[in-house]
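First subunit A sits with subunit B, and in the next complex the same chain sits with subunit C.
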Partner chain A sequence: MSVLVRLRPATRLPRPLIAGGAIIGACLILAIFPQLFAPYDPLKMDYVALNQAPSWAHPFGTDNFGRDVLSRIIFAYRIDMQIAIFATVFAFTFGTLLGALVGYAGGRIEALFGRVVDAIITFPFLVLVIAIVSVLGPGLVNMYIAVSVVGWVFYARITAAEIKVQKRLDYADAGRAMGYTHFRIIFRHLLPNAITPAVVYWMTDMALAILLGSSLGYLGLGAQPPAAEWGVQIADGKNFMTTAWWSSVFPGFAIVTTGLGFSLLGDGLAEVLRTRK
Partner chain B sequence: MPLSEFLARRLLQLIPTLIFILIVVFVLVRLLPGDPTSAILGDRALDADVERINRQLGLDQPIIVQFWLFVKSVFSGDLGNSIVLKLPVTTLIAQRLPTTILLTVMAALIALIMAVPLAFVAALQREKLADASIRGAFQVGLSMPVFYLGLILLTVFGARLQWFPVGGYGDGFLDHLYHLFLPSLTLALSLSAILMRNLRAAIIGVLDAEYVSFAHAKGLAPRLILTRHVLRNALISTVTIFGLSIGTLLSGAVITETVFAIPGAGRLMVDSIYGRDYPVVQGMTLALAVLVSVTFLLTDILQAWLDPRVAR
Partner chain C sequence: MTDTVLSVRNLTTSFRSAAGPLTAVNDVSFDVRQGEVMGLVGESGSGKSVTLRSIMRLLPRGAQIGGTVTWAGQDLLKLSDAGIRAVRGGQISMIFQEPMTALNPVLPIRIQITENLRAHTDLDANGRAARARELLDIVGIPDAARRLDEFPHQFSGGMRQRAMIAIALASNPRLLLADEPTTALDVTIQDQILNLILDLRDEFGMSVVFVTHDLGVVAATCDRMAVMYAGRIVETGTVADVFARPNHAYTRGLLGSVPQAGAERSMLLSIEGTPPGLAAIPPGCAFNPRCTFAGDTCRTTRPELTSLGPDRSVACHHNDAVVQAGSPVA
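Coming up: the complex of A and B.
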């Protein structure tokens, strides 16, 4: 709630926010209505048109199964935007709530929590995610589980630190003096004021999720072929890089622009929230 | 708190972390579909054999006892045998991990060489064209997946121009360095972006500090101020980021080794997942996690040495 209120434009919006918002908006439209923009069926193979160079009929060429590369990129927005959201939303929700409780409790609980966090971040993130995916089996849902199991830690740490600052302020004391329950003070009063760093991190995290999701797709542990996903596409084209570079190079542009969109959005949001404070 | 006490305390903190790592790795293997016994014997095993192997592996014991046996075998240097390669996992780690460490160290050095001068340029030209272009370029670098950048460098500089080998590890140390150059450059880019961003902010912070104005007022040469005063103080927070990034770097190494066909620990781990070679996955996870926690420890020590206030 308070995030939205503070976002209401009083002055000019920062440029990164506008640019990032525009990019992510466009990505979302492509993700929701890919059939309006894609010229071909992303899964339809054409064995007489394998690895064709970019042309008017196929602006980004065709891949080694004769599928239209542009259409596959466009339909892949559906999976990759879904990865950005589903791989982070659980970590954001659970991490923020737990972080709020831990930061408010302080003392021994916080010290214990600090140890657990230290231990979890000791695992190289991707190594742990790969290990979990290897146990659960490859696929998108298992990837979401693996990323969430590790990812909540960062949100919890960020929120706990922020709540620790907020709970010492006068309005928290006022709440306690009014006889409000701890639960009410934490979730109605402190959290809305403490959540902004976590929201900013969420944007960065979505960019990271897309990088991670496409990396796992590339390794064959994320989205499974023949699904249209950028990492899968790049893996499909990798053996033809010297003869048919287009089927791997163009999907990479989509990853970079989407990642850039989320980071700009995060930077812009941070700027707005910092100046409004 | 004197430095020795800080070190002792920091070493003690390593113990719960190590215990936690052991628990996670232990639990991970228990979650596996199917049990190790049928993985060893296959589906058509005799009941008597299953019982014998279960006893041999200690699987007929309660879970706590199993954990204790696991910890004991880890500390006696026994991580089991690879199902696919038929070698002890410890041997494989000893063979493969040095390659990954060399790759990571090279990447870290390249990242520093790229980040430090550019951060200075960006900070000194704050909000000007040079600053904007450096930050813009690194922002793009940060959004570039490692496997994609690697594939492009490999195609352009390896396959097309043939300046560098298209994969493998070579023989002899210099040949290793030559083979690892493109992979470590790939790995370095995202780290250098993070370092550059952080160092730029730190330099700007230090440049505004009073002791820098004082140094200028004393008439010290600007070059001397930059190297003696600004760089050293700006490096402190960057060392932390650097240390924390080692985990990310090792994660990236897993992918880079796969793209460039380098026989390192990361590639072995990915191959073992395809081959369902669980003892290797378990051993590698353990080895990499321990490596990272030791790096964290070294980072903290280095930081305490750079800035004695940290130890207090």
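Coming up: the complex of A and C.
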């Protein structure tokens, strides 16, 4: 049996993982070195070339300030990838850790936690985020805070449920029988076995965060003009939709491909993490 | 008995339920001596596993444990959390029934062994690595150096059980609690594992408490045994005595229901009915509805566990009649 197990090509990665990894890898390269790829300065206005249709000089055209749409899209990777990560990483970390503790503790603590989660989930997500941002003031950092304040509950709920399953398995008892501390059992033994759904959700959540970031940018509550951000770009272009569709449509494609990349990455990761058991 | 290492007295464990407390283990007392294998035998639900877990205090919250469990001069049931953690793993180890779930699926075997070594020994990293290899050799896993870096899913059932034993033994425990360690394995592997446990007992001078429902396993491994029914001990004695002269109708029934190789082809006796649920233990002797020896006293008065001599006791009103009926395996 052990020979068979080893013969199974453990190194063959699932296709969604490869595709998603390639897309996100490319996005990260664009985010880190936009100046290598962007043909123009994203903030440079050119009043003799307003709302120009796509051409060899401006492959995605120019916007209503004469800025090169392609360059703005490329520089926007920096902000939008940052949104994907910072709007989710705190929620993921805090939610997963808290969920692990709560799921392990069970009983009254879990019941109390359930009520808090219910209370937060009762508010429509977007409305709550907009409310928090309008109290704190528009801007990226405040948006991260708003999204994190709400977002952690989903991770906590997923992880708590999974820990509840894992803690009843014999290896958790075996750990206790070995005299390990609760802390060690939770974080060393249970959490690595319970974290998969949260990681997969995280990938999807990054795609959603970009959409949310773009929505808030569009509403003027996220990234502030003249910064290049896809939502801001779409908002800027919306008034010229009938005459200069390119300044809104191309940033939309960027959102779609990046979101697709994260979703594929999530699917692929789910497959890899599942087959390991 | 000067060489008694573990002394369980009046152990009573109950769980809260919607219908009031359910007593899974009731007034159980037994001793385990140095280097001895003590068998706890009974059907599913007789309370044998709960007894074992009560000793280690490995029960879900809400379980009430009464009585005393004396180990090295201290009552395990009264120790602080830190105190019981020092005993668990370091002095008393436990192996589990299901080798498929009792190992952590995401950690390689090496880490699971060295983790216990780190927690309970003074070895440095090199010493732990060497000891981990040595332990896999001891439990008979070939090619130990390579297999240490494998994950549990790459091991077969018997190999996992061996790995689990290696982990449990890492800290040189003085008592091993074995909760049906061979039930999930096929018979040839079962035999190897039992022999392994006996060899290790001799080598390390451990004592073993062996929980099982399999009388064949008891005959092969244990020195003394205690038969449990509906949460109580109904008969104790050396394995040879109990097999030769069962004093409790339940013990006799259990012995009669084991097929024997080489014997004349004969009907296998079975015990009619099923063990009672914890919420509906009959008055009098808990076994009376299923007992062919039962009389009126059995239905009203619970028989106390009475001593028949050193190491021998029974809780039965009609033990003389049971002895007269003879042992089905003698």
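In this text, the second predicted complex is superposed on the first by the 267 of 277 C-alpha atoms of A that agree within 3 Å, B and C clash if a C-alpha of one lies under 4 Å from a C-alpha of the other, contacts with A are read in each partner's own complex, and residues count from 1 in each chain.
The rule is short, and it goes like this: contacts are C-beta pairs under 8 Å (C-beta built on N, C-alpha and C of every residue); 3 or more make two chains touch, one makes a residue touch a chain.
If you're wondering where the values come from, they're calculated on a predicted model, not measured in any experiment.
Colleague: Under the superposition described at the top, does placing subunit B and subunit C together on subunit A give a clash or a fit?
Modeller: Pair status: fit.
Colleague: By the touch definition at the top of the document, which applies to A:Ser215: first (subunit B), second (subunit C), both, or neither?
Modeller: The first partner, subunit B, only.
Colleague: Kindly classify A:Phe86 by the partners it touches after superposition: subunit B alone (first), subunit C alone (second), both, or neither?
Modeller: neither
Colleague: With both structures fitted on chain A, tell me whether subunit B or subunit C touches more of subunit A's residues.
Modeller: B
Colleague: Please indicate which partner A:Phe94 is in contact with in the superposed arrangement: first for subunit B, second for subunit C, both, or neither.
Modeller: neither
Colleague: Taking the superposed arrangement, what is the smallest distance in Å from a C-alpha atom of subunit B to one of subunit C?
Modeller: Minimum over all C-alpha pairs: 15 Å.
Colleague: Which of the residues in subunit C end up touching subunit A in this complex?
Modeller: 53, 56, 58, 61, 84-90, 93-94, 96-98, 101-107, 115-116, 119-120, 150-151, 153-156, 159, 164, 167-168, 177
Colleague: Note which residues of subunit A are touching subunit B in the complex, please.
Modeller: Within the complex, subunit A contacts subunit B at residues 115-116, 118-128, 130-135, 137, 207, 211, 214-215, 218-221, 231, 234, 238, 241-242, 245, 248-249, 252, 255-260, 263-264.
Colleague: Could you list, by residue number, the parts of subunit A that touch subunit C in their complex?
Modeller: Contacts found on subunit A: 1-2, 5-6, 106-107, 169-171, 173-181, 188-189, 192-193, 276-277.
Colleague: Which bits of subunit B are touching subunit A when the two form their complex?
Modeller: Result: residues 13, 16-17, 20-21, 24, 28, 31-33, 139-140, 142-148, 151-152, 154-155, 159-160, 244, 247-248, 250-252, 254-255, 258, 266, 269-270, 273-274, 278, 281-282, 284-285, 288-289, 292-293, 296 of subunit B touch subunit A.
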